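Chain lettering (A, B, C and D) follows the sequence in which the chains are written, and residue indices restart at 1 in each chain.
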Amino acid sequence: MNASLRSGLLRLAPQIAALAVILALCAAIAPGFFDISFANGRLYGSLIDILNRGAPTALLAIGMTLVIATKGIDLSVGAVMAICGATAAALITSGYGLPATLALTLATGIVCGLWNGALVAFLGIQPIIATLILMVAGRGIAQLITEGVILTFNDQGLIFVGSGILFGVPMPVVLWILIALAVGLAVRFSALGMLIEAVGVNRRAAYLSGVGTAGLLLAVYALSGFCAAIAGTIAAADIRGADANNAGLWLELDAILAVVIGGNSLLGGRFSIVGSLVGAMIIQSINTGILLSGYPPEFNLVIKAVIIVAILVLQSPTSRAFLAFAWRKRSSASQEAAGQQPAPGRQAS
Amino acid sequence: MIGSRYLPLLTTLAIFILAYALCIAQFPNMLSTRVLGNLLTDNAFLGIAAVGMTFVILSGGIDLSIGSVIAFCGVFLAVGMGEWGIPPVLAIVLLLVIVTAFGATMGAMIHYLAMPAFIVTLAGMFFARGMAFLLSTASVPINAPLYDTLQSLYFRMPGGGRLTFIGMVMLAVFIGGMILAHRTRFGRNVYAIGGNVQSAELMGVPVAATTIGIYALSSFLAGISGIVFSIYTSAGYSLAAVGVELDAIAAVVIGGTILTGGSGFVAGTFLGILVMGLIQTYIVFDGTLSSWWTKIVIGLLLFSFIVLQRGLVWFTERRANAAAAAHA
Amino acid sequence: ADMTVGFSQIGSESGWRAAETTLTKQQAEERGIDLKFADAQQKQENQIKAIRSFIAQGVDAILLAPVVATGWDQVLEEAKEAEIPVVLLDRTIDAPDDLYLTAVTSDLVHEGNVAGQWLADKVGDEQCNVVELQGTTGSSPAIDRKKGFEQAIADHDNIKIVRSQTGDFTRTKGKEVMESFLKAENGGKDICALYAHNDDMAVGAIQAIKEAGLKPGEDILVVSIDAVPDIFQAMANGEANATVELTPNMAGPAFDALEKYKADGTEPPKWIQTESKLYTQADDPMKVYEEKKNLGY
Amino acid sequence: MAAERALLEARGLSKYFHGVTALDGVDFDLHAGEIHGLLGENGAGKSTLIKVLTGAYRRDDGRVSLDGAPIDPRDVMDAQSLGIGTVYQEVNLLPNLTVAENLFLGREPKRFGLVDSRAINKRSREILEGYGLSIDVSALLSTYSVAVRQIVAIARAVDISGKVLILDEPTASLDAAEVDRLFAILSDLKARGLGIIFITHFFDQVYRICDRVTVLRNGRLVGSRPLESLKRIELVSMMLGRELESAESGDHGRASEVRGEVVAAFKKVGKKGRIAPFDIEVRRGEVLGIAGLLGSGRTESAELMFGIHEPDTGAIEIDGAKTSLGSPRDAIRKGFGFCPEDRKQDGIIDDLSVRENIALALQARRGWAKPLSRREQDALADRYIEALDIRTSDREKPIKFLSGGNQQKVILARWLATDPRFLILDEPTRGIDVGAHAEIIRLIEELCAEGMALAVISSELEELVAYATRVRILADRQHVAELEGEDVSANGIMRAIAAAEGDNTGEARS
């Protein structure tokens, strides 16, 4: 366990290093960036803001990681956020209680996910197109629910679930960490992780080995919908209203980016949820850093693009191999200098 | 046997004709050269960009940057010809060099750094639009005589429809694209890479050069598309053409090209463009849909279209199989 | 009059625009006009397509709420050739004015100006650091409302914009960006006023200010534009100070002009300017809220 | 011969993959006008050697020269332009292109600067006719069987090679007639002065066609010897580094054994367009051999028996009770196993480790909620790595880094781990070396003795004869005969196939 933890951390070293560098840059721009204080029963500080504001991306990234592990992609999550936010607002304002509202909202997210999953698993539609359909139509459905207006609500319960404070920590942070833990543990302590990876690498071979591929695909897309539902609820509670047009707009791209920055391959297979979460935090740190920097908004996109490219170049397989090669050269040079030992592999047999 | 290769293409054609017939039954006005002319003119920039996207998707990749590149082109031309005073032709040439180099850079990153195209071109999408913002945030009109000339170039068809210059550019790009895809070594290599990169490499396909070429081509065509778009609107605007990449992908896929690469036709993309244009025209002719129903209906039509296409392909293949069995 | 009118709307990106759509449909219905509605999903190309389709369909007139100022010459010429009058709604365009019948709009620069003027009057000679929440980068309201506001405070050396970021016209971004403003400006203690390019961002920002432990409307003055119902509620609670109205009823005057023109060829003036009325806490915000509540915002 | 300068000469070639030494200072000479066999166990480094020679991998050490001039092909294109044509081990053509496009990819004839499709099709037809293949060359390659694809790959390599032709297990999917035709062509090329490298696990073929052999073991050169003076038994021990213990024993009184109870019975099971209705009964402790020509419907039958396709006629009985098989999952739950023929597409999960690949089917059967603990998985993997002698540096190595034959063993292990009652093996020994071949045959006999029911599809008749209790004969997608007892012999099977094919002369076979 310890060894696998260590190897996991080693694998995520580039991501963690990138996050550290970006945070350091932020601190250089904004003095007091690392300060965390406790007042009015909650924690304050830019780091807390990053954790809090990054919640929707992080949540989406959890579901997206598993979808991508199956060699899929889910473009609809932003729209599903809007649908679920609208559902929650509509239900709570028309007098349903909090438990019913939450249950129905989550169910809505899951249904959206199942729809995507069914298109992929049963109709064999390519994931990008299957989910594009809901991406286009979903925002319309959300607007249908809100009738085009920002549906505001004042239910303290719903607001608390989405943006309250629990033990000094903002609810969104609590939620994404809890869900990440739950999903991460569920996937690693059951066989789901391995089966999902098998489906992602070679769906046909997995099917022939008796893996319930259709069920797994459904489950994975449903989870993605579920995560989007929570993210949508958070987004709505944050502004005490459901904004069908803008909730989660283009957030699917951020989520995919988070997954990839987290070191996961878009071709499916091996995945790391922790990696994706680090990726989500990297993206949010960039966003927050840009806001704190005070540059005019015209620069936002260019800065973001340049930083992302830099991170991706550094962690691309090629530059990794190059770095490893350079490192090995150095260490083997020092080894040879030390004792002139032949490399172990050559001597065997 | 030969039929099965063209099956998705034929299916799309059949569905388009059927759908058009249904539209005409409901709105007789839709059978006019005006509507046909509009279909070409209004979708010219999308069609040109979609040709580039076809090559990218045939090779198993994806290019999310084209919408931003189109916006960048408009702003560059407007600012270049206006503020900086570059002569129009020079500005256009310069622009095409810049965007082609931009595409080639993305291709090189995809190949040499083994990074997924989705992410490289996503960063490219941010970058190109960001550069457009840096040039100008406001929309800038273009007042070049060249533009007036190009805009006034059109054939008038009987019935008042116009076959415009940009419509013709699109048709030319499609023809060029078909030749490039099916009659050149580059085209073959694109299909080969889309089929299986490892195999292609073992068969001696120059994977690096081809990959770079594909993304350079896509950006180049996005550049042409940007020029066409600037002719279409006589302006450059950094917020223009948001999400065009998704429309282009949808058109390519509707046209029967498989997203995993290696199979499809440029001509199919043309049909895809017509289908998407038809959907939009229909919605406008109907004119009763609210904003949200518009989105839902576009989604539903996309869905039924894809399902219909899959169903037809599946059904025909099954029949072909059964026929073969009966024959044996 | 039995008239078919095509209406090319930008989209439904904000509550204000939804209200405009609703009011346009209501107005058309009241007058027995057959309205063909086309939503462009924020894309100019879709608007151009829609106009071409309207022409092909042979409508009697076209209403256009242009997403951007440039790029309309060609398609409007086609409309003119087909003898279909075009009326612009809520934004003007860069095109020769013989291409359209009239434009029913407010003056975006003027709106910013009114907001700036209000702030200048309010703070008098006191030093005042303003933070600005811009609209979507590159959109004409963002550019013009910024310009108008800056013009109004240009002569007041005591008023200074210290931070300006885009909040994309949305509540979420308004809140998030305001949070960062507060962080960057000494927990908000150095901020005297917030100017938001629309009410939605202001509403989001108000929450951020409250969550940071400050009182919006007192510790930080809040002025914004649009006059959507929710901002009146905030004003009633003392959390917002002023808003400049942008009326969603652009279609009323437009249809009036069209009907007259169709009846006897009366050319309306080229610009029918709507009022940019300033509302403050003194204007009985709750009453206005009740009035506006059901207009489809 | 020794005085003659070598056409292709390699000295001290080495190649390492993250800590694995795949080639270790290998010397290799190929002369003009010779067919040179390259032999070795699975994972010995044969494929790696030719990939290094042809620039598909960069070598880590060593020199190569062609015609005395040093060469360093950077990629396959380079090698092709030097006149080296290669068929790599896994059929590596592009199924999404037409046959003709595959043949001429990268060297299309042009007319007016454009690719001349007409010329390509015409030339392709001519080339393939030389191989006795008259097929529609403008149809996609994916519409043809593995055998046809392999011939196309060979034809392409031959057409490219001006000096050197390299074939890595080209005959794995070919039947006897096709092998004969290939050999005729090779002899022809040899006479024209080409140097040919030929990799195979079939000793008969080595002795039939090769002039000289080079043997690799564990990435090192064991030796290079002319074949005339080399006895089979010597060759085997060169490869294995030891004597082959038990040759394939011929005695297993199949008729005398008591017949076990019926595990599964397929009654009039068939599917339109795929396979005519057939009856099969499989019994405990019995191996049912399935023989037929390529494309005769063997795989299709297996797919029906494993629930991959649902039959549209007939009934299935398991332990006497009527059931249906809706999916492989269903079949596995009922104790079936199926080791597919196309290991690359249907078998390996290439990014996953050897351990996970072995545990997969068992895990899938237990369901996701009952995971095998890491310890159990490790034990399982170690057991089969040991039992099947899978050559891998450790059980965590991704399976894609294993040699072809070793991948095959891992897939076999996956199914053995589920301890099935009825196991279907489709070409289980394809691409497997002599040593492992003998082991797999022994394994099949053992499983059978333990009471498992097996159905084995194989194109190697001797092998079928060695373990099959009964042999089912297929032709033209029909089950035409069954041999039992005395009749089970290579000759008997061949006669039965010939008779059946004679009956069905109507269909031209590609």
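In this section, a residue touches a chain if its C-beta (ideal position, glycine included) is under 8 Å from a C-beta of that chain, and two chains touch if they have at least 3 such contacts.
In UniProt terms the chains read A, B = Monosaccharide ABC transporter membrane protein, CUT2 family; D = Monosaccharide ABC transporter ATP-binding protein, CUT2 family.
Since we're looking at a predicted model, the values are computed, not measured.
Touch-path distance (fewest steps) from chain B to chain D is 1.
Of all chains, the one whose CA centroid is most distant from that of chain C is D.
Chain A and chain C, compared by their mean Cα positions, are separated by 35 Å.
Rounded to whole angstrom units, the spacing between the C-alpha centres of chain A and chain D is 43. Centre-to-centre separation between chain A and chain B, using Cα means, comes to 30 Å.
Contact of a single residue of chain C with at least two other chains is seen at positions 11-12, 18, 21, 137. The residues of chain A that reach two or more other chains are 143, 148, 297-298, 300, listed in rising order. Chains touching one another, given as pairs, are A-B, A-C, A-D, B-C, B-D. Of all residues in chain B, only 62, 109, 112-116, 118-120, 122-124, 126-127, 129-131, 133-134, 137, 246, 249-250, 253, 258-260, 290-300, 302-303, 306-307, 310 touch chain A in the complex they form.
Chain C meets chain B in the complex at residues 6, 9, 11-12, 18, 21, 35-39, 41-46, 48-50, 52-58, 68-74, 82, 94, 136-140, 142-143. By the touch criterion stated above, chain A contacts chain B in their complex at residues 73, 123-126, 128-129, 132-144, 148, 244, 253, 256-257, 260, 265-267, 297-306, 308-309, 312-313, 316-319. Put simply, chain A touches chain D in their complex at residues 189-192, 194-195, 197-198, 201-202, 204-212, 216, 269-270, 345-346, 349. In the complex of the two chains, the chain B residues touching chain D come out as 1-2, 4-5, 179, 182-185, 187-189, 191-192, 194-196, 198-206, 262-263, 321-322, 324-325, 328.
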